[in-house]
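In what comes next, chain A is part of two complexes: it sits with chain B in the first one and with chain C in the second one.
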Partner chain A sequence: MPMRASLLRHAIVLGALAAVELGCRAGLISAQLLPAPSAIAMALYGLLASGALAADIATTSRNIALASVIAVTGGIALGVAIHAVPRLRRALDPFLASYYAVPFFVFYPVFIVLFGMGDAPIVAMGALFGIVAMIIAALNGLDRVPHALLKTARLYRMGPLATALRITLPSAAPHLMTGVKLAITYCFIAVIAAEFILSSSGLGYSIAYAFNNFETLRMYAIVLLILAVSITLNGVLRAIEQAALRRRGL
Partner chain B sequence: MLLANGFAQAASTARQSETAPELHLKATGVERRFARDGGELHALGPVELALRRGEFFSIIGPSGCGKSSLLDVLAGLAAPSAGGVIFEDEPVKAGATPDGIGMVFQEDASFPWLSVADNVGFGLRRQGVPAREVSERVTRALGITGLGDFASAYPAQLSGGMRQRVCIARTLVTRPRLILLDEPFGALDAQTRLIMGEQLLQLWRETGATVLLVTHALDEAAMLSDRIGVMSARPGRILDVIATGWPRERDSGVAASKRFGDITAQLWGRLRAESLKALGV
Partner chain C sequence: MQTLLDRIAIVLAALLVWQGVHWLSPFALASPGATAVKIVALLQSPAFWPHAAETGRAFVYALAIAVSAGLAAGLVIGSSRTASEVMDPVLASIYGVPKVTLYPLILLVFGLGLPAKVAFGALHSFFPIALFTINGVRKLPPVYRRAASVMRLSRAQTLATIVLPAALPEIVSGLRIGVSLTLLGVLIGEMFASQRGLGFLIMTAVGVHDTQTMMAVTAMLAAVAVAMNIILLRLDSSLHRRG
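This part shows the complex of A and B:
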């Protein structure tokens, strides 16, 4: 059954692509609206080969990497801290639960005021968008550390640090891994979106620039690049997650 | 025989003690009280308990009588509200479990991120035992608990009974002189429990350790123990201590004897009223 599901999935994607390709070549879809997929792929190849996008790719990668590192390390640290103070936890719970219900990007002027122009507000938006996913996952994992394991730690007279490093974190690791995956994805989304609205470089900015200048083919090529990278990144993170679970015989 | 040096040493100490029973652990006036809803919950005690070196002692009592709470105090995992515990002539302090005490819990306490061998060696590595000695002692402990073929498996790949054996092996490998077992077979099915009980008897004989088993199963207590302490409903006190008189070499076959029926009946006679009280009937 899973084999047939994956066949069907591939068939849907390839079928849609083929339909668009045919529609474009038959002149049913205007090239100004949507160029043929083959043309988009060729344009992307051209952009990559010529190095025209190299600077933008470097900027965006750096922003995403920085934001992800801040979101993941900060999220785990804050998760551990909030978990240790139950009263703080109860006070913050409603905020954490409703965080992603707020249209986060309306605050972009605030970020400019706080961090000025340049990459700083973009990294800040990415990190703040991702960090709460990491905090929630960390709390989730810490809640599920079995009581018997903590009792075992006390039996071995392990101090708070040894207990955290050798019992709590390994026990919560599958949840932390899920958090890492989500946090990086959210950072990716927020950095690209922030580049659209408050940047003068990066891939998000390049898409907006191409759109405003009617460079439809260039715009779609960069969109394709971002899709390809995000799908690949998600696949890699998923594979790491699965490998970690398999190691535990799950 | 699978007798290893350390185990053999412990066994010989135990044999000496058979001639003159030696006090191994003594609890005096142990109580636990918790603050609850502005008032106070008297959960346990006062408990008086004296374990002889090398004996198999079971504690049986109605649910909620504070059996687990008592074990936590004996192991130094929790401080008593009153009273104290002496283990091998030293007072047990909360937060400082003595090296000679090992404990197995009812819940699965194996570490899912470590292989069976690494699980079993965990305590030894914490104690700073050299790697080569750790691997030798782990191999031996896996052998006695019948886990030899599963050294590199992960807990998730094992059955509940085998995971509990991992925890027992992890406890045995540190050569405890007193083993506290908190309903270790509670989550297992009846047949597995019977087999685990027999294996526990064998380990007890081979290691010569003192065993304190907390259980709610009458037959388990009657079959395994030298002596059985019957606890009252909350706040749990030890009402009675019943000696079974079984020989050291025994197995589940004792369950067929008339004596087994008498002991079970005697236990239930003591326990029935307390269980009714615990249920609020």
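This part shows the complex of A and C:
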């Protein structure tokens, strides 16, 4: 059954692509609006082979990686700290729940004013957008550590470090993985969006630049690159998360 | 009571940090006090309201489109096991993609103006609403379906009296995320290649280094977004408790 579903899914996606390709070739869709998918793929290949995008790819990857590391480590540290103080956690709950309701990107100009132009405000945007997902997931994971295990740890007189490494961390691992997945996805989205809105380097910026200069084919080639990387990355992260959940029997 | 006092303390601490940053670099950030004064001034200024109305209109249109399309797609796909297995990963993949990369395509199709913002806002929230609806319909206990067929309910009756009420808690969860993302999409749309709206107002304020207007509009948007979220969060948790 899942086999058939996956076949059908690929058929639908490929069929949609073929329909767009045919529409473009037949002139139903103007090349100024959307070039044929094959032409976009060729243009992307050309851009990658010539190294014209190398600098932007490096900038954006560095921003995303830095933001993800800050979001994941900071989110776990803050999650552990907040979990240790129940009173603080009760007070913070509504703020955590409302965090993603705020249209976060309106703060980007504030960040630019604070951190200056360059990569710092972009990394800050990404890290702050991702960190709360990680905090929420860490709290979730810590809540689900079985009490029996913690009692056992006390019986064996394990120190706090041994308890953390041998009991808490393995028990919370699947939920932490969900947090890591969300944090990286959110960092990716925030970095690209910040580069797109107001920046002078990176892949998000090159899309905006190509759009403003009517370089339609180049623009779509970069869009394709980002979509392909993002879908692959999310797929890999989801597979790791599912494997962690299955090992736990969840 | 203690929790409430703690929450007030957190808000005060945040305001204090804001004020502290203002003292460190007065030109970078308007103080909370100056921002509050500017908010009052903006609310009384006739130049502000057309922008607020533009953003509000785009938000309402985008949400209406995303909710009706997302609900319809979710109900249709969710009603069939095969369709859910086939489409769920596709929708989830598109949901996780940085939507901003698709904004140029929308601008090329719709041109500058309201329709592009509406489309971009709806693009942000259609996928979560559809995904939550599918999940809600899939989680329906089989007994409900059998009861419907025993009572010989028509398709429309089954949908109205059984499927929709049973899936409502999930649908409201999706709606809550959808409302936030619609606003986000509309505002990003206004911050790039737009001539009107609150997002445009923020970007013009940035251009002329008017940090008071920038902070005032940002603070108002955050307040409205949090208020909408609190209402939906209450509704959401009361529905989930009931179920």
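Just so it is clear, the second predicted complex is superposed on the first by the 241 of 250 C-alpha atoms of A that agree within 3 Å, B and C clash if a C-alpha of one lies under 4 Å from a C-alpha of the other, contacts with A are read in each partner's own complex, and residues count from 1 in each chain.
The rule we apply is simple: a contact is a pair of C-beta atoms (placed from the backbone, for glycine too) under 8 Å apart; a residue touches a chain by one contact, two chains touch by 3 or more.
A quick note: this is a predicted structure, and the numbers were derived from the prediction, not measured.
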>> I want to verify the contact counts: of chain B and chain C, which reaches more residues of chain A?
In response: C
>> For A:Ala54, using the defined touch cut-off, is the partner it touches chain B, chain C, both, or neither? Pick first, second, both or neither.
In response: neither
>> In the overlaid three-chain picture, which partner chain does A:Ala173 touch, first (chain B) or second (chain C), both, or neither?
In response: first
> Where does A:Leu34 make contact in the superposed view: on chain B (first), on chain C (second), on both, or on neither?
Replying inline: second
> Which of the two partners, first being chain B and second being chain C, lies in contact with A:Arg248: first, second, both, or neither?
Replying inline: first
> Looking at the overlay, does A:Tyr100 come into contact with chain B only (first), chain C only (second), both, or neither?
Replying inline: second
> Can A:Met219 be said to touch chain B (first), chain C (second), both, or neither?
Replying inline: second
>> Let me check the overlay on chain A: which residues of chain A are in contact with chain B and also with chain C?
In response: none
> chain B touches which residues of chain A in the complex?
Replying inline: 146-149, 151-152, 154-158, 167, 170-171, 173, 247-250
> Tell me, which parts of chain C touch chain A in their complex?
Replying inline: 2-3, 6-7, 9-10, 21, 25, 28-29, 82, 85-87, 89-90, 92-93, 96-105, 107-109, 176-177, 179-180, 183-184, 187-188, 191-192, 199, 202-203, 205-206, 211, 214-215, 217-218, 221-222, 225-226, 228-230, 233
>> Applying the document's contact rule, which stretches of chain B touch chain A when the two form their complex?
In response: 75, 77, 95-97, 103, 105-109, 111-113, 122-123, 126, 153-157
> In their shared complex, at which residues does chain A touch chain C?
Replying inline: 1-2, 4-5, 8-9, 12-13, 32-34, 87-88, 90-92, 94-95, 97-98, 100-107, 109-110, 112-114, 185, 188-189, 192-193, 196-198, 204, 207-208, 211, 216, 219-220, 222-223, 226-227, 230-231, 234-235, 238
